[in-house]
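Next come two complexes, and both contain subunit A; in the first it sits with subunit B, in the second with subunit C.
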Partner chain A sequence: MKTRKKHYWGITVATWLVLLVIWQLVTSLKITPEILLPSPEKVISTFVNLSKYGYNGIPLWYHFMITMIRLLSAVLLAIITAVPLGLISGRIKIIYSMFDSIIQFIRPIPPLAYYTLLILWVGIGETSKVVLLYLAAFAPIYLACISGVQKVNDDYIKSAESLGATPRQVFFHVIFPSALPDIFTGIRTAVGMAYTTVVAAEMVAATYGIGWMIINASKYLKSDVMFVGIIILGITGVALDQLLKVIEKKIVFWSGKS
Partner chain B sequence: MEKIIEVKNLTLTYPGADESTLDALNLDINRGEIMTVIGKSGCGKSTLLNTIAGYLQPTSGEVLLNDEPVTGPNWKLGVVFQNNALYPWLNVADNIGFGLKMRHFDKLKIESRVSTLLDQVQLADKKNEYVFSLSGGMRQRVAIARALANQPQVVMFDESFGALDEFTRNDIHNVVLDLWKSLHLTFFIITHDIDEAIKLGNRIAIMTPDKGIPIKVIDNPYFNIDSAEIDAEYMKYKNDILKQII
Partner chain C sequence: MRKTIGVLTVVFSLLLIMTGCAQHKNEPQKVSEVRIGILQVPNDVAAARQLNYLSDYFDKKNIKTKYIIFDSGVDANKALISGDIDFATMGDTNGVVAMSSKIDAKLIWVNDVLGNNEGLVVRNGSGIKSFQDLSGQKIATPFVSTSHYSLMMVLKKYNLLDKVSLLDMDTQDIVAAWNRGDISAAYTWQPTLTPMLKNGHFLITSENLRNQNRVTANITLVRGGFERSHPELVKGLLRQLNRTHQEIQTDSKKVITAASKQNDLGYSEAKSQIGTSEWLTAKQMVDQNFLTETFQTQLYITGKFMADQQTIDHLPTKKEISDFVATNYVNELGDK
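On to the complex of A and B.
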């Protein structure tokens, strides 16, 4: 069992180093023009410059913060609404029948397909961006909650009933904690979904944000800036997922042990 | 003997099933006894327990607890499940005190009762541990303590010792018998193990395949028998039970 879980960090680091060396070699030997693939040094120097002077007159940290605020507020909103609705849908068939088909209908539609409509409905400002990310994050949490409730060990519920718990107590003291591991899986998926939508959200009618920075840089073929933006998004994505894993481990410490 | 539970003409047919699982079954459980129920797999033992516990509603007939109909699960009928159904997000003490907390007992009362039960099931030193770190036998002791915390009138065991190894099972049998002697409760134990039914039951209810007499209750002269006392007479008694089951 321990061998299966073992992570060969050395191999991971070596793989990244090999990729870096290949990148360096390709750019040093000028196999591709710099406009398509800037060198690592160029990307680093661009990052330093962006950190010092910002992009388009706006500091890099501000672009980053705006993207994070949009992302996290959308995910938070999705958690606040999708968790109770998903838990109730998993438990009450009428509620499930009301909402599930709507969410299943929206879920596979690419966010860009309805983004323009969202802008027309809720305006060009922050709301449309947050709503777009919210819609991307909602379904994974909602579906995970339903799955979590449906997986609750029936004996947990029966034993709570025999111990004198009311239906309300069963919901809050048994069903909710039982479903928590699935809820966390849903939240992690939702963050991933919202994260992949963030560039799309900042594509239209934005003037800041890392996604906007990448799109704007692409218009002027500033591939070094695009690389900086992409690397920031990649590192932040991994960091966010790791942070969620740490929180998950703390809160649902029993997951996989019962 | 005073009856604590009366099962009257109990018939239960699962939705969509052609045949009833329990058919006009009658059974009296006396206050303060241990009744073990034995029968082959699929004969309806667990269905009987689930109906007495209030998890299933009879198709016809009724279950009375102290002359009152059982209409649903309630704390007066404690249940210990085979897989113990302990909550992994709670520690041992919180699992045992769960029912008392749900019933809004005050904190001191809960702590005191949990502490007494921990001593009785010899797990005082595991109070703050999470149940997933305990062995199967220890978990089953926690499950028994949890069912006892509410001071129910009847404690039912649904094949609760079936998943344990022989050594642990003997250990748990002794815990159950000690608790029964000290607490003067009524125990209703479902099992598929004839030796277990004989060791633990004052009376044994045999679920037979005979639709005319679906359950037959016999007195048990070998209650709490020590394995060293097993003789030819015991084997004959056991075989007689076995013949009635199959």
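On to the complex of A and C.
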């Protein structure tokens, strides 16, 4: 079993190597113009230059940090609000009927569709960007919480109650821990949703951020900078998801083992 | 074994797709449609379109004309690269970007030399009275545009480059931000200036800069592949545009009315939006050595400024500029 696993891992690595070789080949044979596909060397040297001198007078790490701060503050805000609301909605029908339809209505709308409206409402500063990401992150967490609560085995609740547990104790000692694995899945989806919206959030009236860097570079047709930005976003996305997986394993170590 | 074949198939199809990207260079001998990227402003293209000069000319050759609106030259440049348009009108700064990034395109025409149809507006009552008052302010402008360039020159002149924060916005977003009160200053062009001038005033216009020998202009680029295979169509199109340049000097009412109709504007609105921008005829361009010398020098100054700001990756040489500007069409038209 173990050797097989290793084998498949090898295929993943090989695929990436093949892609890199093709990329190298296509660019060194000059099959495509450089403006459409810059060579790997060019992308690497651009990355080195950006790290040294920054982009548009602002260091690369600063662009990166600001994007991460926007993303994480939005997700944090979403967790703080969506988890309680979701858990309560899953438990109390009145609250559920009040909020669910609204969230179901907002959920499928592409964030860019209401972004211009958000800018009119809260302006071009950081608020509109964080709110946009927040709206993208809210629904997945909220929905996961509801489904987490509804999945709780009724027997557990009944046994706790028959042992004299107060509703408060039932909620914190039975329902919340049982829903925790679902909440984590929700958070991971939420980070993904917010992450895919980050470039859009930085499209209007931003002056820094990795998303802004990509948009700005595209205006000057600097495809090498665009590649660097996109690769940074890709690697960070994978890293964030892995990090969440590790945290999940630490906190809900019992998940999938019941 | 089957797996290896599978992998190889994927690899080769990827290669095919990638080479496919580069295959759009083969130009068809017969053109059935000419695609023109336009700005939504009352300019010569708008007038020539409304007066049916362009459609009449291309109809005779059984060619359809299709117009695609761009907010600025940024997206027009991308469309030129992908081969989705044949002609594009844009600010000369976008032309410099196109040249320095070696897009296969040529500058063939100067639509208008900018005057007071572009400028830096500040809100009335915002306390901004002189350039020094701009310090610490947010100023909006569409990046890479002629407005952006003009603004940067002004800021540099008054040592304000590090003291203001510049916001990159599309023209419509600028008006929205202005109405909300998010910004008290913006360098932009018509038609967005009109609503802003209702509660604002000019601090400087591109006409002032023109008098200080910092010329900005709207230009027309043609896609390289199209120009090489159909030079006669390029010349034909320019002859129609040149007609409007001749007529605005003899019968300005006719041309401005046409340009206004095309943009759903009133006559006086269009007239004030055209303002003091200059539409040089081919003959005037030839007589003033405009395209062969004056304007190339301005492109060089622009390129140098942009390279200093690191917005383009190298300083375009004079050779690059003279290769980029195809003067033969204007020369032929102007000699007549």
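Points worth noting:
Operating definition for what follows: the second predicted complex is superposed on the first by the 251 of 258 C-alpha atoms of A that agree within 3 Å, B and C clash if a C-alpha of one lies under 4 Å from a C-alpha of the other, contacts with A are read in each partner's own complex, and residues count from 1 in each chain.
Everything below uses one rule, namely that a contact is a pair of C-beta atoms (placed from the backbone, for glycine too) under 8 Å apart; a residue touches a chain by one contact, two chains touch by 3 or more.
Quantities reported herein were computed from a predicted structural model and do not represent experimental measurements.
Comparing subunit C and subunit B on the residues of subunit A they touch gives the larger count to C.
Judged by the touch definition given at the top, the superposed model places A:V26 against subunit C, while subunit B stays out of reach. Contacts of A:L221 after superposition: subunit C is touched, whereas subunit B is not reached. When both complexes are overlaid on chain A, the residue A:S162 reaches subunit B alone and has no touch with subunit C.
Judged by the touch definition given at the top, the superposed model places A:H173 against subunit B, while subunit C stays out of reach.
In the superposed pair of complexes, A:T67 makes contact with neither subunit B nor subunit C. Once chain A of one complex is fitted onto chain A of the other, the partner contacts of A:W254 are limited to subunit B, with no touch recorded for subunit C.
Counting contacts by the rule stated earlier, no residue of subunit A appears in both its interface with subunit B and its interface with subunit C.
Put simply, subunit A touches subunit B in their complex at residues 153, 155-156, 158-166, 169, 173-174, 177, 180, 252-254, 257-258. Subunit C meets subunit A in the complex at residues 7, 11, 14-15, 18-19, 21-22, 74, 77-78, 81, 97-98, 101-104, 140, 143-144, 165-169, 173, 176-177, 180, 182, 310-313.
Contact residues of subunit B toward subunit A in the complex are 53-55, 72-75, 77-79, 81, 83, 85, 87-89, 98-99, 102-103, 130-132, 146-147, 149-150. On subunit A, the positions that touch subunit C within their shared complex are 18-19, 22, 25-26, 31-37, 56, 116, 119-120, 123-125, 204-207, 216, 218-222.
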